[in-house]
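Letters A, B, C and D name the chains as they come in the text, with residue numbers starting at 1 for each one.
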Amino acid sequence: MPAPEHMRAAVNLVWECRTLCMETLYDHCLVMGGPHVAPDHVKAMTDCIQACQVCADFMTRGSDAHAVQCAACAEVCEACARSCAGIDSPQMQRCADICRRCAKTCRDMSRATVAA
Amino acid sequence: MPAPEHMRAAVNLVWECRTLCMETLYDHCLVMGGPHVAPDHVKAMTDCIQACQVCADFMTRGSDAHAVQCAACAEVCEACARSCAGIDSPQMQRCADICRRCAKTCRDMSRATVAA
Amino acid sequence: MPAPEHMRAAVNLVWECRTLCMETLYDHCLVMGGPHVAPDHVKAMTDCIQACQVCADFMTRGSDAHAVQCAACAEVCEACARSCAGIDSPQMQRCADICRRCAKTCRDMSRATVAA
Amino acid sequence: MPAPEHMRAAVNLVWECRTLCMETLYDHCLVMGGPHVAPDHVKAMTDCIQACQVCADFMTRGSDAHAVQCAACAEVCEACARSCAGIDSPQMQRCADICRRCAKTCRDMSRATVAA
């Protein structure tokens, strides 16, 4: 298990990423249309929202299996970051940025097996 | 992507596993008490319920990232199966059995990258 | 609490509704575009998917509070049915139909306080 | 729709309530045992965690149906507060307190139909 303060910081970032993705999908993408509502992009955003949820909940419960969910979340966030980065708008770049940071943190948490 | 009929059969089994784990946790484990409500066991059941949810939803959406969630779900189901198998009651053995079958199917779906 | 067999039939219908809404949103609406991806319609479908989830889970757990979630789900399903009915395609009409049936069942379950 | 700043404050409180209930259920109740793992109490906590999730997501999406989910969440939080208040431990009283505050805020949001 990672140290509690690392875990809590990670949970906060994962929730921040989930919230920004959700607000962006419903308040920005659906309103803008075009490439913002391409099926693969909407699926990538939806996948990210759901993977973040699960990853944060596993960490909050202190489940032994949090590492596997963090690893899965890292991959899903990276895919979402790529999808966001390919759409030319400042909001999508903000979303890509937090997805990349969330992916990095989840990757770190998936490897942290000893409290430090 | 796996073939649609394999995907649908997998989704059905994953939901069946999730439903049995949920019914078992709330109607059996909480009522029986003792080892049935040991923190690690309740977490393992809760993890399984949530991992199955996400895995089924990724497959239902036809998300490219379903493989990574299926792989994560397989690990979580195996851990739940071990936890259930360690408790001496017929209901827990039924739960262990479906978790093992669900894990095997999720493992298969995580590797199926070509429609067959 | 409603009788177990009524509860189980209701849970099955609610899951069926959730699955059809999810498949329709990701495989049909996002592909068709236009009114199928209008923000209010996508929100109505997403709301329905999530309300059905919660309603089914409360019934599966046998929670005393299932009645309030069934009543909420009924309203959300009715709103989704109206949104679907306003879009001219056979798939949306199928979706409207199951949302209406789900709403009726959830309404019934929200009122069933005595096992019958 | 309530004013955006009221909505955001409400979402934050609902998430805070959900997180405390989740941490309390898995780190405190399951460890303490006895009345802390009575089936009705665990169901009340689980109901609260899930109702808060849905309520927060409906508000975050800006869904028209947020009022009905806020009303449902208020009832579920009140039931959880009563269940927590009946267990003699400081952690359960903290949990009861945030559930009561969350219920009040959700009740307010369910009635706020005009931006103020």
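Heads up, the rule we're going with is that a residue touches a chain if its C-beta (ideal position, glycine included) is under 8 Å from a C-beta of that chain, and two chains touch if they have at least 3 such contacts.
If you're wondering where the values come from, they're calculated on a predicted model, not measured in any experiment.
Q: Can you tell me the C-alpha superposition angle of subunit A onto subunit D, nearest 5°?
A: 180
Q: Quick one: compare the interface residues of subunit B with those of subunit C and tell me same or different, with half as the dividing line.
A: same
Q: Calculate how many whole Å lie between the centre of subunit A and the centre of subunit B, each centre taken as the average of the chain's C-alpha atoms.
A: One centre to the other, that is 23 Å.
Q: Between subunit A and subunit C, what's the gap in Å when you average each chain's C-alpha atoms?
A: 27
Q: Where in subunit D do residues touch at least two different other chains?
A: In subunit D, residues 26, 43, 46, 57, 61-62 touch at least two other chains, as defined above.
Q: Quick one: in the complex, what on subunit B touches subunit D?
A: 26, 30-31, 33, 37-39, 42-43, 46
Q: Mind listing the subunit A positions that touch subunit B in their complex?
A: Residues 40, 43-44, 46-47, 50-51, 54, 57-58, 61-65, 68-69, 71-72, 75-76, 79 of subunit A touch subunit B in their complex.
Q: Which residues of subunit D touch subunit A in their complex?
A: For subunit D paired with subunit A, touching residues are 15, 19, 22-23, 26-27, 57, 60-62.
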